[in-house]
Amino acid sequence: MSATAVDVKNVTHRYEAFTALADVSLTVPTGSYTVFLGPSGSGKTTLLSVIGGFLVPQAGSVLINGADMTAVPPAKRPTTTVFQDYALFPHMTIGANVAFGLRMRGIGSKERMRRAHEMLELVGLKGSEAKRPHELSGGQRQRVALARALAVEPSVLLLDEPLGALDLKLRRQMQAELKAIQREVGTSFVHVTHDQEEAMAIGDTIVVMSHGRIEDMGTPERVYLKPATLFAAGFMGQSSFLKGKVRWRTGGRLDIETPVGRLPLPLNGSGADTGDDVVLSIRPEHFVVGAVEGAALSLGSATVEDMTFAGAHHLAVMRHETVDSFRPMVQMPQTGETTPGTTVALGVLPEDVVILKDDS
Amino acid sequence: MTMRGTSWRTAASALYAVLVYGFIFLPVVVLVLFSFQDGRFPIPPFEGFSLRWYEAVLADSRLMEALANSIVVAVGSSLVAVLLGFLAAYGLARFALPAKGVQRALLTAPLTVSYLIIGMGLLITFNFIGFPKSLLAAGIGHVVINLPLCFAIIYSQMGDHQANIEKAARDLGASEWQVITLVTAPMLWPALFAAFFLSMTFSWDEFIISFLLTRFDVTLPVEIWSLLRSGLNPKTNAVGSLVFGISAVLVVVLELVVLRKGRRA
Amino acid sequence: MNTAIKRLKLTGAVALSSLLAGVAAMPAANATEELNALVWCDHTDPALIEPFEKKFDVKVNLKEYEGTGSALAIVEQSQPGDWDVFVIDGVDVPRAIDADLLAPLPADELPLDDIFPELRLESSLMRDGKLYAVSEKFGYNTVSFNKTKVDAADMKDMTVLWSDAYKGRIAVYDYYLPVIGMVAVGLGKKTSELTADDLPEIKETLFKIKDNAKLVGEVVSSQTAIATGEVDILVGGGEWVTAGLSADKPELDWILPDQGGVRWSQSIGVFKDSKRKELATEFVKYIVSPEGQARLATSSCYWAMPANAKAGAELTDQQKAALRWDDQEAYLKNAQMYPAPDAELDAAMQDLWTEFLQH
Amino acid sequence: MAARGQRFDLGPWGFVAPALLWTAAFFVAPFVVMAVVSLWERIGTDLVASWSFANYLKFFERGHFLEAMLNSLEVTVIVTVTSILLAYPFAWIIAEKVPPRLQRMALVLAILPFWTSYVVRSYSWLLVLANNGIINETLLSIGLIAEPLDLANSRTATVIGFVHFFVMLLTLTIYANLVQLSPNYRKAAADLGAGPLSTFWFVVLPLTLPGIMVGAFLTFVLCIGDYITPQVLGGNNELLMPQVIMLQIGRRADFPTASALAILLMIVVTIAYLGFARWIRLERA
């Protein structure tokens, strides 16, 4: 088996005036869990359709396990899809639903039923063969859809917002189960979602998409901590942005002029050069509040405008004392006396600042 | 709203409902009652209970033949109408075809035309091409009037969710034919059944097209019409009551068994 | 759930297949040959047809019509050879001969001498020495009435119908020829000499009758109306309305007014394009035989006098009384034939009739 | 998202073609034939291809044709309006006052007489409305009237026969509309201070209007083209269009005139359709 399960090369697709995919290329390593993340209209579902064979792209090609599948219909691809609305056959039992793909492959009914039983056991629905879809809860239907898609042993399983219809608690629980099942069966999973927390929790690789383009691609940690673009930084978790200009670059260091003053920063993986306009992105938990000392750089002081309680911590929205356009979002302790109106000093460690090209 | 106001309104509603039910059932009750009339005239006074008119109906070979013809036409034309309507609905709902609006309008257009005009058009046309008046001709006419209905009912049930389910089947390896026979048709069973049942009802009761397009192998409504024109007697009541009784039992059984189940699903 | 559905499917399948099996078995009369006859409704009585079907092992398909126009319309909407036997009003036989619809009959095989002399109608039924149809049944379009509600003496004068003496208590039989004929007789015209010039006066009179009429109806509606007391007088009625009802409604009677009445007569012939002329001829022979005649005279749709005088032997006294067998001599004298308009006059009369209905 | 048809091009026309061809062959073609024949004339017993509008002119020249059309329109409008006025409250009572588990039964009961044969139903009304029918007998025996009412064989009888049929049909369609209505609309209206009457007038009625209009149009089409009811119940005291058309076919085989009349009738229905069109999406109804 090839080390690359899916290889998408320069795929472009337009719906009339709307560009759904613009020259997209990516690879999905065999046995990995890949998540396409993006807002609606970003092209993530279109990309999934292209991989699944429901859509032939106008340009580019799709290779699965090294073979060109661009124009091969879904039935003939080693992929199966778990649909957002599950698309269970309402007139069939759960057993028959799961065994459907095997039936299409001409497998005898005894063997089918055995496999269906196995798959249902895998997804934790042992003994539900005789039930019908409408007798199950949303989470159970989701599992049936998964079992049905896995029963034919695809090399790539495509999941189109599979958890979108579930409530939050169930969703978090299913994320863990999906990941566990993926590890158990070893199939490559490609999962589409617009929920960044889901993406981080579940993916080996996250592909951040916007306007038909890939904005960033990497491990969750990398994408979160060192997002490649402004969009990725904004879409994955919360960030506060501060515009600046690179005064000069020397060796591994940058000197950036910002409204809150000059900040000497390490490169932090950025390719910014002298004279570039940049945006500095800082995660809420990276702000240093109160005593700005040691290696921390001072960002001036800001007044707390609003506080929201987020369980493990507080999140404060602040207004910078001198720079109106800078509205830091800062993580504050779970317990503390800070209330709206309080003014605090803000700082940040140089290595925590992400330096992004200002492409706005 | 006071309690007294509420109960007054409820009483008025109940009275209204009873009156309308009375209006709806009046001709049926009279029909059935006088089918047991022990005399020649199906009008008051009721002269006594007798089953002789039912015997007369069952002994009337022309009526029985017409009954059989009606069943053949109703079942046959409804099957064709459902099949054509299903295929068209599937084609229009699932494929990119040019001028879909025009196609849909064409398929539903017969709904806006009187049966008399449809029947007459067919009569003149068949006459020109030398196609004989027959049960088959009437059946063709019945498909024309029922096809739009079947199409509309089935088409309305082919939404995006259903499309996704078909997509899932294809994804799992089903061929186009398998998708239709194993997934689409069974999934739409309630709609197909409703279309078939409605189509049967209309065909069963249709008069003017059958009247214009049949010769000897007439349908039951046409034979009843002849019966009516050939003399006044409670036989007409008896055959009407029989038809009503059988259909009513059928409808109630369907309601209790099929639709109840469908609703739970 | 699953088993319920299976059971349902099974029941459905069983019901449907038994239904279809029943249907297949239905046309039980799997007779070898079929005979297609275009008839008035009195010929559809199984008591009349079944003996013939049994004797010749044949299935007689009957299509009933009312009015020669309808019959010719039906023939026009058919293919040549579709029809074998034609029952048609005596006065309209020349039209059918003109249209080349009828085949000559073997006169020597038919009991022509037993037919009432007034019904032999050689001028209509024969042409160039060939017989094209034979009379089978006759009666009168006059006035039927309920003698408990209407003074029988009033009914002797037809003009009472267009005075308003019985306003709202009159029904009119919906067939233009006899009623136009009746009115013509009432106005002192001869039905055989009607022209377009007579129509305005007839129209005026008809409109007066319409003003008095509760309804204009076909056989059953007019019968229903007089039997149920909806109306007390039926214009265009006669023994064909009352005789069959005589057992249940003895109060219904009919009369030939002093001005006279219209006599109708049906005749029967064989279509020229028939592919079963021999069998069709056998059918004609059966219908004009005394037995056939007696059954036809008392058939379920309407009763009327048989054309064959020998049928009397086959009828009961009660039946003969209802048919006024013994009064026929006098009645025949005082009755005129249906009008027999040419196509143009016929169209004018039909337009007149439509206007009458709409009046 | 996915492009339908770009992938599975197994000849989608194969699905649509049978129904389209059927409709073209047995609906459109006969209509064209009828339109052609309407320009011919029947002279004597012959059909003459005279290519004239004589048959259409006849309609406007001859009082009784025009009158039939007016009668038909009058009867149809009376029937449609009466049926809606009777059926709406009835459907409302079933939807609102009848306990939910009994509603379906109430509805089935309300439309059960559908399944008596249509011809027999008209005939049955004739017996009900006759001078010594059940209505007159009852009214006479309780002394409400001294003379039997003239009900049968009249326009009244025709209208009653029609209304009977269409009340059932409209109850069904209006009920379906009423129950589809989310109860939250009414709750919201009540919450915002509307009384039952204004809730009905400003919220329920406008929301159910499209459904009523579809039903009204169906009633219009079925009523204006029906032959049996006026023929059985009207007593030929006036003629409606279908009766006049049938007279042309049945008594004289005058297909040209019948075709012209049929086309005129269709034009009237089409005008009515345009009037109703803003509410009607037949194929999604």
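We call the chains A, B, C and D, going by the order they appear; numbering starts again at 1 in every chain.
We take it that contacts are C-beta pairs under 8 Å (C-beta built on N, C-alpha and C of every residue); 3 or more make two chains touch, one makes a residue touch a chain.
Heads up on the chains, UniProt names are A = Spermidine/putrescine ABC transporter ATP-binding protein; C = ABC transporter substrate-binding protein; D = Spermidine/putrescine ABC transporter permease.
Quick caveat: nothing in here was measured; it's all calculated off a predicted structure.
Of all chains shown, the one whose average CA position lies nearest the global CA mean is B.
The two chains most heavily joined by C-beta contacts are B-D. Seen from the Cα centre of subunit B, the chain whose own Cα centre is farthest off is A. Taking each chain's centre as the average of its CA atoms, subunit B and subunit D sit 16 Å apart. A straight line joining the Cα centres of subunit A and subunit C is 88 Å long. Chain centres here are Cα averages; for subunit B and subunit C they lie 35 Å apart.
Shown for subunit B are the residues that touch two or more other chains, namely 43, 123, 167, 170, 228. For subunit C, residues touching at least two other chains, in rising order: 1, 77, 224, 228. Residue positions of subunit A with contacts to 2 or more other chains are 53-54, 73, 132. The touching residues of subunit C, counted against subunit B in their complex, run 1, 4-5, 8, 16, 19-20, 22-23, 26-29, 36, 41, 44, 46, 61-64, 66, 77-79, 82, 218-220, 223-224, 227-228, 244-245, 247-249, 300-302. The residues of subunit B lying in touch with subunit A in their complex are 161, 164-165, 167-175, 178, 182-183, 186-187, 189, 265. Here subunit B touches subunit C in the complex through residues 39-41, 43, 60-62, 64-65, 67-68, 71-72, 75, 123, 127, 130, 132-133, 215-216, 226, 228-232, 257-258, 261, going by the rule given at the top. Those residues of subunit B whose C-beta lies close enough to touch subunit D in the complex are 1, 10, 13-14, 16-17, 20-21, 23-28, 30-31, 34, 42-44, 84-85, 87-88, 90-92, 94-97, 103-118, 120-125, 128, 140-141, 143-144, 147-148, 151-152, 155-156, 163, 167, 170, 176, 201, 205, 207-208, 212, 220-221, 224-225, 228, 236-237, 239-240, 243-244, 247-248, 250-252, 255, 259. Those residues of subunit C that touch subunit D in the complex are listed here as 67, 69-70, 72-73, 76-77, 99, 168, 174, 213-217, 221, 224-225, 228-230, 343-344, 347, 350-351, 354-355, 357-358.
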